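Next, two complexes with chain A in common: one pairs it with chain B, the other with chain C.
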Partner chain A sequence: MKESGRTHPAVLVAIWVLLLLAPYWLGLVGGYTALGARVLVLGLAAMSLNFLLGFTGVLSFGHAAWFGLGAYGTGLALKWVAASTPLALLLGTLLGGALGAVLGAMLVRRRGIYFAMVTIAYGQVFYYIAYRWNALTGGDDGLRGFSRQPLEIGPWHIDIAANGVAFYYFVLACFAAAVALMALLLRSPFGHSLLAIRENERRARFLGIPVEFHIWIAFALSCVFISFAGGLYALLNNFADPNNLHYSLSGDLVIMAVLGGMRRFWGPLLGAAVFVVLQDYVSSLTTNWMSFIGLLFVAVVLFFPRGLLGIARRRSLA
Partner chain B sequence: MIQLLLFNVTNGLIIGAFYVLMALGLSLILNLSGVINFAHGGFLVLGGYLAYTLTPFLGYWGALIVAPLLTAVLGVVIEQVLIRRLYGRDPLYSLLMTFGLAFIFEDATRYVWGAQGLPVTIPAFLGRPVSPSLFFITYYRLFMVVVAAVAVTLLFLLLRYSRVGVRIRAGTLDLETVSTLGVNVGGLRALNFALGIFLAGLSGVLAGGQLGLDPTMGSGLLMPSFIAIIVGGVGSLPGTLVGGLLIGIASGVTAVFFPSASEAVMYVLMALVLLARPRGLMGEEGLMT
Partner chain C sequence: MEVPRIGAVIGRRAVIRTVATAGLAQLAAPFILRGARGDTPLRIGMIDPLTGAYAAPARNEVMGAELAVSRLNAAGGMLGRPVELLVEDSANDVGTGVQKARKLVERDHVDFLIGDVNSAVAQAIAQVAMENKILHIVSGGHTDTITGKDCKWNVYRVCNTTRMESNAVSDILFKKYGKKWHFITPDYTFGHTLQAALEANLKRLGGIETGAELTPLGTTDFSAYLIKARAANPDVIILLVQGQDMVNCLKQIVQFGIDKEVPIAGTQQELESLEGLPSEARIGSWMFEWYWNQPNVPHLAEFIADIRKVNKGRVPTARHWFGFASVMTMALVAAQEKTTDAVKLAHALSDFELPPEVKLQPNKVYYRAGDHQLMLSAFIGEARAHGKDDPDDLFAVQQVVAGDAVAPPVADTGCVLHWPA
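For the complex of A and B:
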């Protein structure tokens, strides 16, 4: 099953070695550790979206909503509930995941363009709530006044609050756990049913797969994963703002998935790395970075519709 | 209180008329070509700015006609060069393409005309209030509603009675059959795209006279237009008309009682419609769902 995106073991080892050693080599190539953490978080977000987009074939264009809900949930929990990083992350993930599951139930019969439009519109609801509800969310200025707390695991005290490298490894551990779970889900009979729905929905239905129910579960899972990523993003910045919920972030996440290759498991991570690094670099060079990002969208659609890994694969088959 | 309510209802109606103009353009393109044009707001802004530049040469009335036409011409060029390639492919790609174009539009208008807001100068008599007791209704506000109404009426007459209009409507239902009957589908789509973009440019000129112009105004008007289409029902132009007016008035009335919820009410309306009638108020089951 090449299509399910099973990765060659050597490539897998290379990916993990690169990620594990990132704090040591990023500085050598002009990067910094926080940039690495940003790639991991947005990469996880793009992979969560791709669980739906690439592996179920459902076009959600409003996933920033669940990402931002995770971010706000985590920030609010740290601020008002308890000064515990894991608890805040859990509450943020639950907030985004639960709302995603409820609203997703209303969407499962829609397909294609209609699904995309409704998901965009739903996403904007939360943007306006965050933007307008000053008292709770800080409105346009964003949510401040919380910061990630050191981890206390039994006798160990890990200072992820002040130490950037320690925080990177915390993010990497969370990323690894989420990605492993995602891979397990995709390899399970449930994951294969999702692929069947993507490839031929009608046939999947005739085979007795409850299509709507599967899409709903996939949507909810994808929301849980991306809220988790959003929570990590709030911890990374010690800040959450309405742009975390805006549909332009949804578009960025989709382009990351497509740029890397949405039929491959690791594609979105590659796409996120390229996108984040380019954005960081270009916005330091020119104020017209929006045009640059726009041109990137157009170029990807025209020249790399199968993504960077899609090209590599076509070459290796030829 | 009555006056405040009246003010906000008329305000809502005027905003609704904008949503309708913009959403009808989006809807036309969506129905025939299956493309959600994210760059629609960009075309709207461009129309407004072109009017700003043309007014000193052509006067307001000349600019009101010429600016949307120029916008439509640019629209066709972009359709022919970029968007046409994506017809019939996964809607994901046209979404991403127009999404990127929206970024480029916003940045380009900022580059050419600057980030500060600019006014579109309107003829002096249009700026006057209708009467002292109705001081909040200027002639310009009435004028906007009239222009929008005329444009919508002409559009519906065109679609109902002209040969091209009949083909566009037929193409919405079954493009393949229309094609086998010998209609040049490529040309039809280009023309239809131009029509949609013309409406965007026209709403840009009208909006510029009331709100002034700034490069980000397009994205702010885009989302209500989406909601107008969803509420009215994807695939139905009369639905879009009703949807746009409905959310305009709903947000106008909400602004009286609960100003900070004036955007949220549109989404509530959308959620209610989707729950009670998933295809939208006037949408047909099975079309593009």
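For the complex of A and C:
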């Protein structure tokens, strides 16, 4: 693996083979298909956050806001607009993406802790709207009364509503499309400018890169991706609730990104997998499962600041 | 031909690798075994928020369910099969709750589901249970819609609805304290629906509402709300907050001496909250959904004794009984029908009456056919500063009202059941 962050082709193949065959091997190791779908959705969310955190170098601590807006947008569209899964996903993504773009324009001049604090504030604003607006969002009880609909693509009828495996592949297809787009963006001149801003903002500015504009676009794109993930999450649960917008979820996403390795494209997916599987497995054994995640997180930050994927990289260099 | 030495064939690295793999397999064994275990035991999945704001009631529900399971197994199990209770933590989060429900259904192949204290999680689990045609008993989530407009053929509920709670106390509070009421309400759906139900009753009785303070969940300082409530000069202050908020609010009421000027009352009170209060703050008129100290109730003494054994000598709370009654309901109806088929069992539970060894209270206790709500008694009375018969005897029951006397008619719940063909 080179400094550019490009993933080795063999590793790429391994990732995709593992993901494609997940419904077949998950059961053998004590997992289940819905767990795989959850890893993909939260992995995509963490990768969207990492688009900002790892590749642009700004930390958003309120990204759950856009995740939750995507979830509510998708749920509301399925409930009130039309019983179409793709349309609902599109509307959910647009809701989160558009609000993210508008509000993002207001925070591009903030940096560091101030940027993080404003994003937390945004997150809590939407959290309380979802929590209090009972008539629209169902308040604390959450938004229910919608369910994902089977796909009708031309002559094909794909039942993602009742068939868990079919839904997994639907999520995987969405995930693949989103990460392909994300990878393309990062390899484009625009993506290189983002890396330049991350490495040395002042220098990038002197080189004539419109830094604020780039950060704004990166923020908006990150919101679009994470809203898409939020929409998938609503479809996965057939439910949206205010915790989808809460800052504690934002914190979990940051943990996933850092745990897996925030300088690596696939790091957040690995972090999400570790987080979700640990939560799923350890929380059945003890109610103190968060302590284990916490200990792992502390160990990673102290000893492997480049995350779990960073360990692999250090070994391959040595 | 020369025979190769063992060391040459099996290298040092291979040995280390084998040992390491064997070691890892030991660690992973429970993980793999769980999926591969035989289907012999009958499995009940229980999802409750064991961490977070509702941890205390959730743990008590699990304790009650465990007691029921151990009693069943001691008596030969359920349908001749041993019973296994698989407990999962929903952490008060819908996404986690749904994930745990799928895990229990898809991987562990549970035959029944129980849970959750959090109404939102309970409704989401009910959805998963219906998709998979599994009988689900909601043990401790009170929101009306579970047995109201979102009712489902496979979902039954043990605890009260908010409407039942408010109907149980309204007339009594009105007679006892007067017609000017002031509410202190938790600012989320549960509080809103409870307040609305009480307001409707107050209006019917011809009373006046002097105001309502909406307090965010997790409020620690109630002084501003309490001063406003006192200034409105009501006949009674109605507290609808729950859990730790109830504890904080009652403590401050006593500190400010408000209880000397205005009586304090409310709907649902829990033994867990009263136990968490200093003795001078154990005041007010309330309803309990179940109470342990009842005279002349058959089988109650054994239940109390059994819970004491596992609960550090403490008495059972309503939550213990909810967990116990949920498991026993499944065992009783399965034994009666001799099947685990969810549709047959759900039909059989319509108007199913709980026998004395399970209901542990007076009055007829049964699941109403129209909305699948358990008609359980309401225990109305006053908090006590010091335990009378036991340090935990903190509630003086004055009246026990039958559930069907306080439940709104089925037609008013908005429940329409759609049975699978």
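In the analysis below, the second predicted complex is superposed on the first by the 304 of 318 C-alpha atoms of A that agree within 3 Å, B and C clash if a C-alpha of one lies under 4 Å from a C-alpha of the other, contacts with A are read in each partner's own complex, and residues count from 1 in each chain.
In this section, contacts are C-beta pairs under 8 Å (C-beta built on N, C-alpha and C of every residue); 3 or more make two chains touch, one makes a residue touch a chain.
Quick caveat, the model's predicted, so the values are computed rather than measured.
Judged by the touch definition given at the top, the superposed model places A:Tyr233 against chain C, while chain B stays out of reach. Of the two partner chains, neither chain B nor chain C is touched by A:Phe190. In the overlay built on the shared chain, the residue A:Gly112 is in contact with chain B alone; chain C does not reach it.
Of the two partner chains, neither chain B nor chain C is touched by A:Phe304. In the superposition on chain A, contact is made by A:Ser284 with chain C only, not with chain B.
Once the two complexes are laid over each other on the shared chain, residue contacts for A:Arg132 go to chain B and to chain C alike. In the superposition on chain A, contact of A:Leu59 is made with chain B only, not with chain C. Look at A:Arg144: by the touch rule set out above, it reaches chain C but stays clear of chain B.
In the superposition on chain A, the residues of chain A contacted by chain B and by chain C overlap at 132, 290. Taken in their complex, chain A has these residues touching chain B: 53, 59, 61, 106, 109-114, 116-118, 120-122, 124-125, 128-129, 132-133, 247, 251, 254-255, 258, 288, 290-291, 293-298, 300-302, 305. Per the touch definition, chain C reaches chain A in the complex via residues 28, 31-32, 34-35, 50-51, 55, 86-89, 91-96, 98-100, 102-103, 106-107, 119-120, 123-124, 127, 131, 143, 145, 150, 187-190, 192, 217.
Residue ranges of chain B in contact with chain A, taken from their complex: 30, 34, 36, 38, 82, 85-86, 89-93, 95-97, 99-104, 106-108, 111, 223, 226-227, 229-230, 234, 260-261, 263-264, 267, 270-271, 274-275, 278, 288-289. The part of chain A that touches chain C in the complex is made up of residues 27-35, 38, 131-132, 134, 138-142, 144-145, 147, 162, 164, 233, 236-239, 241, 243-244, 279-281, 283-284, 287, 289-290.
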